[in-house]
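Below is one structure, written out as structure tokens; comments come after it.
Order as written gives the chain letters A, B, C, D and E; numbering starts at 1 within each chain.
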Amino acid sequence: MFCERDERILFSDLHFEVAGGELVQVKGSNGSGKTSLLRIVCGLNEDFSGAILWKGEPVADVREDFLASMIYTGHRAGVNRILTPRENLRWSASLQAPADDSQIVEALGRLGLRAYEDIPCRNLSAGQTQRVALARLLISKASVWILDEPFTTLDIHGVKNLENLLAEHVSTGGAVILTTHHPLSVNCRARALDLDQQRINS
Amino acid sequence: MFCERDERILFSDLHFEVAGGELVQVKGSNGSGKTSLLRIVCGLNEDFSGAILWKGEPVADVREDFLASMIYTGHRAGVNRILTPRENLRWSASLQAPADDSQIVEALGRLGLRAYEDIPCRNLSAGQTQRVALARLLISKASVWILDEPFTTLDIHGVKNLENLLAEHVSTGGAVILTTHHPLSVNCRARALDLDQQRINS
Amino acid sequence: MNDAREIQGLKGVSTWSAFCATLRRDLIIALKRRNDLLNPIMFFLIVVSLFPLGISPDPVELSSVSAGVVWVSALLASMLSLDNLYRADYEDGSLEQLLLSPQPLYFLVLAKNIAHWLISGLPVVILSPLLAYMLYLPSEAYWTMVLTLLIGTPVLSLFGSIGVALTVGLGSRGLILAVIVLPLSTPVLIIGAKAVTDVMFGLPVSSHFALLGAILALALTMAPLASAAALRISVN
Amino acid sequence: MNDAREIQGLKGVSTWSAFCATLRRDLIIALKRRNDLLNPIMFFLIVVSLFPLGISPDPVELSSVSAGVVWVSALLASMLSLDNLYRADYEDGSLEQLLLSPQPLYFLVLAKNIAHWLISGLPVVILSPLLAYMLYLPSEAYWTMVLTLLIGTPVLSLFGSIGVALTVGLGSRGLILAVIVLPLSTPVLIIGAKAVTDVMFGLPVSSHFALLGAILALALTMAPLASAAALRISVN
Amino acid sequence: MWLWFAKLGSPRWFYELSDKWLPWLYVSMLILMSVGLFWALLIVPEDYQQGQTIRIMYIHVPVASISLACFPLMAVAGTITLVWKMKLADMVAQSVAPIGAWFTGLALATGAIWGDQIWGTWWAWDARLTSLLIQFFLFIGVIALRSAIDSPDAAAKACAVLAIVGAINVPIIKYSVEWWNTLHQPASNFSIDPVAPNPPEVWVPLLVMISAVYVFFAIALILRTRNEILQRERRSQWVIDLVTREKNV
């Protein structure tokens, strides 16, 4: 399994591969194009030139398979403010692969949201909302996680917790691409891709 | 100059003062009420019982004076996406104390946004938008800065830069109240207020 | 986890379940807000009663414009509630998640459109006889009006959806939507109102119904595809 | 920095400059979006032209309803553009900054309302003769129509502002606003449309203008205060 | 005076006071209602023009007059909420809105039924009817707004603002509507005042019915408000005491 791309403008001649069992941290200063890169990779942004390959084939050809094995969390959490965390996750799950209620409760519990399952999300704090978004990772069966600044607004426990989740996912053969300005301390094969240097090189 | 408050529910019997030349970091895990506290202090949230004093008088009595010497930046940056950074700042400044154009350009420059003055803010990255919001601090003459997670989405340089600004402001007699999950390394008188402990104590 | 068969196997079941889940989600959101359920009706009622206030309370005069007024108000009510369709999802990022679903977007968009119609179109259809009464519509035209609305309002939802999908990423709201959606909806309005007026004059109306039905069929097959494409562009 | 005199000194100048800056900001935003400028006009045009389609193209019939149709459309156009008034500011946090300004909120809100009227009300007023012509309004009523709209549309903006301010924090959009704003706007609609109809019948209309003027004066003094209070509540 | 005001603002005080009032209100309503109904339905002579339908008046007029009183009441409560931040006022305001909407709806319905008999149509764009309809919309607006905002405090203030703005507008609406429709449909069509030209045996029972319905309104309002008090104060000690006491009894 790998994913590969070439790209111009913000970052020209960028080329990288991600294999299962690996974590890639996309680094770069503000405005260096991290968010743009992730959105291009997962197909939300099509304003680019270059190719994205999934298992050796262009993504366009294997779109469904790619989407089924990929999960993305961006700057905007994808959490409806009126629904409760449970309802939000139930819907998210149904989009990829349905999860039953016990899985959802367990996922929320692992992210420290036990007892918050049935509170409307608008009544959650910034960090709690982010945790709901992250709970999606646990109930999905996707092998590639694409995370844009997932540590934002998380407190110290939350950060540690997420780092453990990432390490666990990678160690069971999953792949992670993430951006963050935090120094990352995960216990697994990790690589960094520095967009600032890419830009300087080009 | 000081500010003082008593409060129940999320945090009961909370009481603190902030003096000029001091930085107070409000700590606490996700959902401990940091955002709520800051919004109460600056008067955006009125669902509380207790008193907030400004220079020894209830804020309601000296509202204008208080607002004129206070500046707040929250989870939402307060940056219009259609306007350029320059236009955004010009308006922000006019609300408190007008600033001329050179001051605005200088403030943006100090935050690393030189050459971005006239780009619509929707084309800025998350971190750049946050920098625009922070530039407000530099052009305002307010002595009290109330910042809710100002380091979010800033890169390492940005974080360092902001820490310097905070230290500078405090050393010239200003006061800062901020929340953050980052470990803070500022070069000035700093105190921490831990909401988790407050809650356990109560 | 990477076994293609497993994913394939899951997928067969889940297009239907994703459809249902999306429909249910949107209905739950509307139910929780409550206002969403009440408001289309109230809006319809209020707009309809603006016309007598603006025009004249005279029964004869009102009766001659009643079909048009009811239809125009239904159109406006449907259009005003369109904003609920994708806006909130766009802003909180749910729309990105929808687009990243491996399920065919056609069905997901269709589910959202159906939910929208159930919330905003159906109540209008049900309430229309009362308003027709208040505007002195001749009673022989009631059934025609209800039926044309029943066929016409889903078309309004489906066409409207394209308009919202195109504009959901834009800052300015409401009006650009109207400018895109209203022209698309005029054929339905014309045929619907004409059918009602024709019945009032004792003319045959079956051809109008055939036309409306054809438009509905067309809209059902094409509009969700167009909306899906538009959503992809907007989220870009 | 803590010198009270200095702050006082600044303040005297800056209420006016804050007013101007806010007005200018809103106008710049509208200019940059362009759609905002075009849309009220387009919406007005389209809604007005829905009526001949929905009702009947007959000049006599249209002429008798024209005053009402123009006024109702103006009301709806004004209401639809209301969302632009505070929504974007609420979402990006600018509204919090506005509320935290030491300047009197009355003037800042008034500036925003004036900007809204300049963008959405004035174009409608200017365009109205054209539409009146299309609807066969008798020519002697043109001036009355333009004048009533000129006095009436600012009232619509001012009242509407209260409605948006009350609902800006809510998830669901569009309709709840309509339910609150439309009933409040009926007097203006009634008086405005009545004045135009009366002129058509050769009746005197000065009392209508006096009434509209009185309502405008009331709205100018009270509505921004209510909006300001409502904004404080919504941002809470 | 100030003390009295503060005391009045206490939900607990109101709850306990209303405990004492309610039995009296019940009794007076029972008496007034039965006398009024008996009189109106059985004793009052048939109208020479309207026949039996005149009897609808005895329910229509009281209901309509209360529906007009509700908005000002709500506005006063709203003002007190905004100015003195008195919780009780908001509870009253919250209770008035649905009652007002119901009474307005009833006035519309009874009027419509009556109209069907007298004018041969359920609905006409008559001044009074129209202004009542708009008032009904305003009530719905207030209720919708309250249910849409979930912080009770914010909802209270928002509804107070709307109630005040609405109350300033209701007279304007009423006036403008009245004057709008006089051209086409003379007011006499509707506002023929059957009270004046009629003998006391017609209007005395009407007065009785009006007071009966007013007492009924007061009871409904008090009950709703009490309900609201218990809901909102459910965490306070006196409510907990009250509930446990009632459980034990």
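Convention: a residue touches a chain if its C-beta (ideal position, glycine included) is under 8 Å from a C-beta of that chain, and two chains touch if they have at least 3 such contacts.
Bear in mind the structure is a predicted one, so any value in this text is a computation, not a measurement.
Taking the CA centroid of chain A as reference, the farthest chain centroid is that of E. When each chain is reduced to the average of its Cα atoms, B sits farthest from chain C.
Inter-chain contacts peak for the pair C-D, counting C-beta pairs in contact. Averaged Cα coordinates give chain A a centre that lies 30 Å from the centre of chain B.
With centres taken as mean Cα positions, chain E sits 57 Å from chain A.
Centre-to-centre, using mean CA coordinates, chain D is 33 Å away from chain E. Per-chain CA centroids place chain B at a distance of 45 Å from chain C. In chain E, 134, 137, 140-141, 144, 148, 151, 153-154, 177, 180 are the positions where the chain touches two or more neighbouring chains simultaneously.
Among the residues of chain D, those touching two or more other chains are numbered 33, 88, 91, 170-172, 176, 179, 182-183, 186, 190, 236.
Within chain A, residues 75, 81-82, 120, 122 each touch two or more of the remaining chains.
Contact residues on chain B toward chain D in their complex (touch as defined above): 1, 20, 42-47, 63-65, 67-72, 74-83, 87, 90-92, 94-98, 120, 141, 143, 173-174.
Put simply, chain E touches chain C in their complex at residues 122-126, 130, 133-134, 137, 140-141, 144, 147-148, 177, 180-181, 184-185. Of all the residues in chain B, the ones that touch chain A in their complex are 28-35, 75, 112, 124-128, 130-131, 149, 152-159, 181.
Residue ranges on chain C touching chain D, taken from their complex, read 33, 35-36, 39-40, 42-43, 46-47, 50-51, 53-56, 61, 64-65, 67-69, 71-72, 75-77, 80-84, 87-88, 91, 170-176, 178-179, 182-183, 186, 189-190, 193, 197.
Against chain B, the residues of chain D that register as touching in their complex are 1-2, 4, 7, 10-11, 13-14, 17-18, 20-22, 25, 28-29, 32-33, 88-89, 91-94, 96-103, 108, 232, 235-236.
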